[in-house]
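Look at the two complexes coming up: chain A is in both, with chain B in one and chain C in the other.
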Partner chain A sequence: MSAAPAASDRLLADFAARKPAALARVISIVENRGAGSARLLAALHGATGHARRIGITGPPGAGKSTLVAQLVRAYRSRGLTAGVVAVDPTSAFTGGALLGDRIRMEAVALDPGVYIRSLATRGALGGLSAATREIADVLDAYGFDRVLVETVGVGQSELEVARTADSCVVVLVPESGDAIQTLKAGLMEIADVLVVNKADRPGADRLRAELKVMLQVRSGPRRGQTASSRGAGTDLSGEPADPPEGGGAEGAHGSSWVPPVLTAVAADGTGIPELLGALDSHHDYLVATGGLAEQRQARLRARVAEVVDLELRARLWGDAATTAWLEGRLAAMDSGETTPFDVARELLKRSGRLLAGEGDDAPR
Partner chain B sequence: MSAAPAASDRLLADFAARKPAALARVISIVENRGAGSARLLAALHGATGHARRIGITGPPGAGKSTLVAQLVRAYRSRGLTAGVVAVDPTSAFTGGALLGDRIRMEAVALDPGVYIRSLATRGALGGLSAATREIADVLDAYGFDRVLVETVGVGQSELEVARTADSCVVVLVPESGDAIQTLKAGLMEIADVLVVNKADRPGADRLRAELKVMLQVRSGPRRGQTASSRGAGTDLSGEPADPPEGGGAEGAHGSSWVPPVLTAVAADGTGIPELLGALDSHHDYLVATGGLAEQRQARLRARVAEVVDLELRARLWGDAATTAWLEGRLAAMDSGETTPFDVARELLKRSGRLLAGEGDDAPR
Partner chain C sequence: MTASRPIRVLVAKPGLDGHDRGAKVVAAALRDAGMEVVYTGLHQTPEMIATAAIQEDVDVVGLSILSGAHMTLFPRVLQLLHEQGRDDVLVTGGGIIPQEDMNTLHRQGVGKLFGPGTSTSDLVRYIQDWFAQRERQEA
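Our next item is the complex of A and B:
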């Protein structure tokens, strides 16, 4: 499959021997979706399943990076290793990660039990959540005890990323708005643990109280639904024909999880032990209810669908004749002579063999 | 195709006669991806292309809804009609749109030259941007002079929605953070016009000055690239084999657009005439440089890819035998006996006929 299977085998051997350079190389290949990326991920798949995956999300300026750095320090002091993927929306005109966050991270970056990777989003809008999960898989396979996924922003793609973790921490600050805005941004639904950061500032107590009231409004059964559908069919949800989401496990969530609302001052470490405690409790809850196994199955299901999607797109749009044909139909669509629906139908019809994987060896 | 083509023909006739009830019905069908949705959209395709599409985005609490309501009023006073799609992230436990925004909208909602539709995101993570663009197409086909697309939030999916408009307005407030945070959230890259709203509050002047400095840092050529790739391959970008994005039109963007930074107090209408002026200027710029035609072609290209994607997913995951087969492979993936990559390969192999569209009539 790959152009250089021998080099790839050496890389995998180095990775298995836990050489940091091999880890960095594998992540780069996976991030750039380079040749052999799929082969590497397939080879590492068997080694995944050990790490606890923790998503950290919240609005810009909530202090997520600082909190992540403190979490990493706390895990290290307990003798646990930690890998971090930070999704970093990079502007076209800065061309790289912003300095502030990285400096905060550097304090922990020299420790071999820690690995931090910033994932620039660049133009990769569709591919962001897939790439993030793949890198989390790599960190898991490498043997990190905890894999932290930090996403900046409050949008659907970002929430989706946080959602695929086992436990999701939502970080808020009084400045980021009231509880209603948190609700509107979709953050309440995905939170397993809420943290009011910069809790020494005015408004923190009020925000915490508001959040607690809102969580009381949320009914028990609904929470169970959220947990059981978590992470399933990531890229397919909302489409007319999704893969089944493994329903019927409602019963297992009989005793539903009520997200605790913690306070913290990440900058000086206040509240970090309580956050670790809450994450451990949530993990215990997931194990006890079968939610953890469910989440892993949902991830696998979504992963298959994702690979299938990518392969079909590659078959179709990797074919020069198909893209050229589509370009030739643009004018007719533009004038209203035909429609995108008719063109899509035609395209599917003429690409039957391509889609069936017979493109390379079958005569046209 | 549709179960009831006669009813659908009547609906289309009523729509063409500009009956508001028909508009509402068509949008509902499209929003819910009901039977006949594709047929309706195909039938309306020829009537699109008149409306100017304006995206309005920014962080929660920036006053986007109020600004949209003022824009609508201003367009109406110029004798222009306006349709609005507001993407409304609905929490699982509120079950509907939040009251505040809707009340602000009601002031303009009784005018027949205005149509406002809130689009709940519900679980439809993948389908949000597609549905929003489809509804914008419907409003365009109905004959509205301006179609405004308001997205709450600052994430990638939401930005993607705003991006597919002809002109994109980014609304900020001093409270939503400094210019660096705006940059990190990816808002600077998509802005054709920046508005500092609630400009009577402390910090507004400073934010405006910061934004202007940042825009000066942004180089001319890069802006041209952004404009030419705008809206192309929405759901495919970042994937290894995208449809071509119609490159080579760089020259047309020789004189690049520098987004103006305006101030406004949307609540009392301050700054709205200037915003309308800036939007007109941007439209003139797009017409002069050929950018408008490019954007429409990019939308059509993305539309075809989207319809193809949906159809392939429906063929695959709509097949009970395929999903049952996948469920049967979960345990083997979980144990590491096989990988999602191998399972995807197997799945594609056994589904060749299905993907080629031969699933229904061909014997297995």
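Our next item is the complex of A and C:
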């Protein structure tokens, strides 16, 4: 699934004409990092920046997909469109994956204002969050008002995915109470809103109360969900993690955001209006504190760093003269005449023009 | 011969008849063969199947049909896919389908169909071979 320039122009035209098959194909090319993917993303970049990105994570079977479907339904009734990305794990043994999240989203599946895409993690640590962020960019560029990303909150890479959203919803169930000590390390760090789902079962109110106590303990000057504490994958800046002062957006307590803890029954829609309200409040908070702009800038910074990393590597190691030069230095390193560190410095020094993209001096 | 990426397959169970055990077995077998399987569950209409196939950008659609409605369901899914410009999707599947119906459907553009009692490994190999051949043509 590569795209030669002519084919990718046709694809972009179909994308602009809002053909779902073109949207789906662009996402595949981006997911596969196929030829032309950078060109497509560059072409779409100007159209991004409108969608609100919402991550939904939590333990397996917590009701994430059911909740996503309810959120989508609620957004649609407000006249907003929604793109959904649902990520499931790839089997480490076979490389295959069973992607079953669509089953729970049937009620909204035929709505032309809704697009649902299932993705497998493909064992790509870190790479998954980069790919998911790019796919969210594609959905944003297509014009969706909301982009929802569902991931199972088990591994580090899934948590990274949730971090790429503007607002992150962590879904728990009454039975999660016992596991709360382990959960709080990862899931609680990233939660902007907590939902105790399956509140039709006993124990929901108790878990809700426990979570509130835990969050109050945590909410000191240390707490504060701003972009600088979330980042977007790559922390280049070392910006202070303290929240900006004076963010008094609705729902915010003082200057830092304390995640509200809600209960819901995703199966019948109970609690969905409150969840929508909490997400709106968090968005208002991000706008008021400058956190949203910071998050967007963090994403842009991370994007540039990713592209530069890839490009530098490709230029350097794709250059036959460079690899031949390195081969020629192996014996000197082997005999102790020089060290890998000196050779690395030499190599960078002699590659200035190559890395700047000014071509090589030696004729091929 | 390794594919450049995992094969993506949609497995669906159209029609009103009861259980989806067969479709689940097929979905698990395809996953175990390294494919990414989007499973959509029971009672899928052709519109739901085609919409999901388009959105998921799958290479293959596998339908499990026991209701006897294969002569309308397969062509309808194929038609809906074509209308959206996806005439490159392999539509295959299985169920209780007489040989002459299989032949008729094949002439209409449906892929190989597998009768009851076929081993899932036959379906796996069929899909893998089809995909490998298409990749060779594209290269």
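FYI, the second predicted complex is superposed on the first by the 259 of 364 C-alpha atoms of A that agree within 3 Å, B and C clash if a C-alpha of one lies under 4 Å from a C-alpha of the other, contacts with A are read in each partner's own complex, and residues count from 1 in each chain.
Just so we're on the same page, contacts are C-beta pairs under 8 Å (C-beta built on N, C-alpha and C of every residue); 3 or more make two chains touch, one makes a residue touch a chain.
As the structure is a computational prediction, the values presented were derived from the model and not from experiment.
> Check whether chain B or chain C contacts more residues of chain A in the superposed model.
Comparing chain B with chain C, the partner touching more chain A residues is B.
> State whether A:28 touches chain B only (first), chain C only (second), both chains, or neither.
It touches chain C, and chain B stays clear.
> Looking at A:160, would you say it contacts chain B, chain C, both, or neither? Reply first, second, both or neither.
In the superposition, A:160 touches chain B alone.
> In the overlay, answer first, second, both or neither for which of chain B and chain C A:283 touches.
The answer is neither, since A:283 touches no partner chain.
> Look at A:128 in the shared chain and tell me whether it touches chain B only, chain C only, both, or neither; answer first, second, both or neither.
first
> After the superposition on A, what does A:212 contact: first (chain B), second (chain C), both or neither?
A:212 contacts neither chain B nor chain C.
> Using the superposition on chain A described above, determine whether A:73 touches chain B (first), chain C (second), both, or neither.
Neither partner.
> For A:118, using the defined touch cut-off, is the partner it touches chain B, chain C, both, or neither? Pick first, second, both or neither.
second
> Touching chain B in one complex and chain C in the other: list those residues of chain A.
91, 94, 98, 122
> Enumerate the contact residues on chain C facing chain A in the complex.
Contact set of chain C toward chain A: 4-6, 27-28, 30-41, 47-48, 51-52, 54-57, 84-86.
> Within their complex, state which residues of chain B touch chain A.
Result: residues 33, 38-39, 41-42, 45-49, 59-61, 89, 91-94, 98, 121-128, 152-160, 175, 177, 180-181, 183-186, 188-189, 214, 217-219, 222, 225-226, 229, 234-244, 246, 293, 296-297, 300-301, 303-314, 316-318, 323, 326-327, 329-330, 333-334, 336, 339-345, 347-349, 352-353, 355-358 of chain B touch chain A.
> Quick check: in the complex, which residue numbers of chain A touch chain C?
Chain A residues touching chain C: 1, 14, 19-21, 24-25, 27-28, 32, 90-91, 94-100, 102-103, 106, 109-110, 115-118, 120, 122.
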